[in-house]
């Protein structure tokens, strides 16, 4: 069984996060490590074909080495869609093929389900309760799996049908089984489209040609990594699986409080009065300072959370430092620093869901709580505040005292110019009242 | 004995607090509950006549029910002064009558004192050390009570005589005994005045007509509820009377510290590292979060004081939430929220007493410490700061980073527009110095 | 042996610190106390001649009284340089003389070394590794001391030779021994110079006249007190010498944490959850509040560090108060106050060393961490922030919410005038997005 992992995507909606999506580390390991490990454990004798981009090749090789995988890497020179990705591994494909996304979080039983019935093509449909803007399966009969072993067939795929027009409650995932990989290649090569959907066109053609196309119904977890805030969803999912483990090489004060399932890696130090509420991951050499609270978060290695910080439901990339800060529901890529008293607001005063600017569009994240999204090497100065869902580009500085409502591009410095009024100070003056009157 | 409780007042100086003054909850019960309970316990066989306004009637009935009082409610349609309030209960009044304000805090022995000698009319005078702008008693001889049993008489009442012109050191309270309620009604009905003082006119006429008008001297606690900051005085008084009691249905961490007399009601949770210094009331289902300190304060039910807050000498109405805040000497009506890092300043840098705008006037509160006065449903954003004695109307928002010197009306949103300067950031620049130079 | 202590200097580069340099208290005693004590203990039968200015005389007498010194005070009317200072003690000088600066921190063995060989004149040279802009010794042969007992001679003193042109690696300190004090006076009186260097001119003349001028080589600690940030260096040096001692008259909660060598003086109180990390000095009657951390700092008497503050590597003069603040690497003269949430930033976001304006010049302090330098009686309001190396004059106020990039002169009040936008608040509006769009 060849398992094709599509890991060459560019993640253009992920700005200011610039790490290749499948290489973003969670719990001390790249996302792809977690995913390949799960697939290896659940698909016997899988031979991996990993489609990478030129930049990610080395890091992916390191992952496969650590996992002792049987693998080949194919390089997709340009990110030109799914069909192109598969075709870039053309010479490696033969026999049975399973196609998977590199980043999607799925429960492990999804693989067994799709492989349970070996039709020409088995497509996995996610059962949804409410409308999702994806591709819907048009089907007849019962699904082949997981339990039903039905004989239902896929009759077509309808892209974003609009709410109320869904042909079924099944949204197509990228968990596709093909009995004959060579045949797939043929269809992909002859698929013509001026949109980025040659893969879908090929599938439609297979259906139209009368191939035996079945579907597996899946109602477990599905978390894609399309927008930056999905990092939080993936983190939450991965944290939910951890086992409690404090490294004997970590140093945890007996006056610190650790609740729930918490991983503390070697070299990490947890000071007096610190509180860690699981599930939580504290990476190598991290410092959780006095009176600091960390909850349901992932601190990658080398982070320092100084005195009196509160880090809640946040993803914190390596080598970031904090000091008397509130960090809620934030995504911090790493090498980040915050001055004392700076706050990453995560909740609107009017309680609306939080919208994020992606490219030129405002996208509703659907979240009521979402903090800052910060690129690598960025800084937020003392007593600054960033508004929910705002983004700061790599190596940019948000100056002291700034209240930041909008995004900051890469390599910029934002300082506030205050209108200061300097007057004589004499204890005889009732200074505030006079100032207050002036403001009226 | 009929005890008339004047509970129909409108509290127009109380903005932005909009709850009927006598219904403001303290220690989990409306103010009127505390007062009626004390009166009931100290005046045998009292039959209560409560003059309410149309809006407060139901809530008052609930209070009387809980206290199992013998009572009647009279409705005063419009708040038209004390004489009108009494006359609105006209049909219920006969025989001996004691007239009391609904909100005043008085030591329990004041009732016994005024009732000790049964003249036609016994007026209670508060002994004062320094000038107070109220009505002064002009008297001869010794007071009838509490201990002296003197035969002194009241010869008149002088409104706001001005400092140095006081006819005695006794300021008239509203603790007045009348032997014949019907006679009082007659005087009130014939009292003519174009100011809001028919009650005082009626009393003057009684004195002039040669009735036996005596006075009781009182030197205990008297706390009116005229201005919002009086809420703090009443709270302090009521807290001084509490008995220590942690509900068995509350959950208090053994790593929390509780000092002095503290009430923690059922469902409340107190986390590790929290400090509660009594006297303090923590209402039902409140949360006192990690490393939070609450001192000498009243948290009504459902309040959440998250990580690292400091709530000191403050009145916090129900369902308010805090997160890394300083709340000092503040009056918060309820349903209030504060973003992380927001501060309610309670002390002027120049140490002056704090003046508060009441209507169009600036009134000196006489307090050196006074924080925010916040109406129901208001919000203060992250890293905002409100200046001492400032008021925020119901449902209004003080935006992130705002430094608020003036009052905010109802249903308003105040945002700061910062002048931000965005420049390239290059590590080669000594950026702050350059910026500093520009500011010169 | 006469020991002349030069304590009359004016410290004009020390603004806003106005206390006479040698009288700045450290560890509860004036700097001069520490220095005289060390000299007394290390130079047998020293007779002190202390050159003071008119203002410091009384305080210096009190110090000598406490130390039971054999001393005389000479008054230098105007600060007119070192020669003038010595000449103002003219009548007291005879026989052997050692000349020392009042403020320099030196290891105790420097005295023994310079006194080891009794030439006509023995000059102490500090061995330096890299260029320092001072006076360099031009020497031949080995130093007389400390260990070598060499017979080397001083041939001249070269002021600020420039890097690469140093005649030796020895920078002249003010630790000079003269066998005949009267002879020194003669040379000083005839030294002519229109710069402030008569002392150096006199020494040059002595060398030129063929006197036996030797040198002692010193490679220990030398800390001058020229710029305000040197207060931190001196503090660090003195703290490094303390012995752990908690006064039995101090009250330290058993829920506080004390690590390392810490002095807590009588009357001081340390509350629950407080953390003191030594070396640290907590003066008389200080309060270290709940959850406050103090590290490697000197808190002179009567300081109150309220809830949740972090005071790190800072010098805090008497009677200063803090409340939920970050105070890092700062020099606070005393009677200082900070509102809740105010931060004294000590680190540039771009990590450059911190430059400080001294007079009209920007001087690089060489420090990567340096906070505020605050004169006596100054204040910083709630949620204000001061930038690294900024200075605030005595009795000046930095208002709430101010982000301070420049220095504030004496007796000034700096308030920020924000541009506030007040609009209707309706829950139907997506308020932040709209505001964010406007800012674009």
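A, B and C label the chains in the order they appear, each numbered from 1.
Convention: contacts are C-beta pairs under 8 Å (C-beta built on N, C-alpha and C of every residue); 3 or more make two chains touch, one makes a residue touch a chain.
Quick caveat: nothing in here was measured; it's all calculated off a predicted structure.
At the subunit A-subunit B interface, residue numbers used by both copies make up under half of all numbers present, so the two copies contact each other through mostly different positions.
Overlaying subunit B onto subunit C using CA atoms gives a rotation of 120 degrees, to the nearest 5. Mean C-alpha position of subunit A lies 52 Å from that of subunit B. Shared contact sites, meaning residues of subunit C that touch two or more other chains, fall at 273, 291, 308, 341, 349-350, 383, 387, 397, 401, 416, 418-419, 425, 431, 435, 439. By the touch rule above, subunit A contacts subunit B in their complex via residues 257, 273, 275, 291, 293, 308, 310, 326, 328, 341, 343, 345, 347, 349-350, 383-385, 387, 395-397, 401-403, 408, 411-419, 425, 427, 429-433, 435-436, 439-440.
Those residues of subunit A whose C-beta lies close enough to touch subunit C in the complex are 255, 272-273, 290-291, 307-308, 323-324, 337, 339-341, 348-352, 355, 362, 379, 381-383, 387-388, 397, 399-401, 405-406, 416, 418-426, 431, 435, 439.
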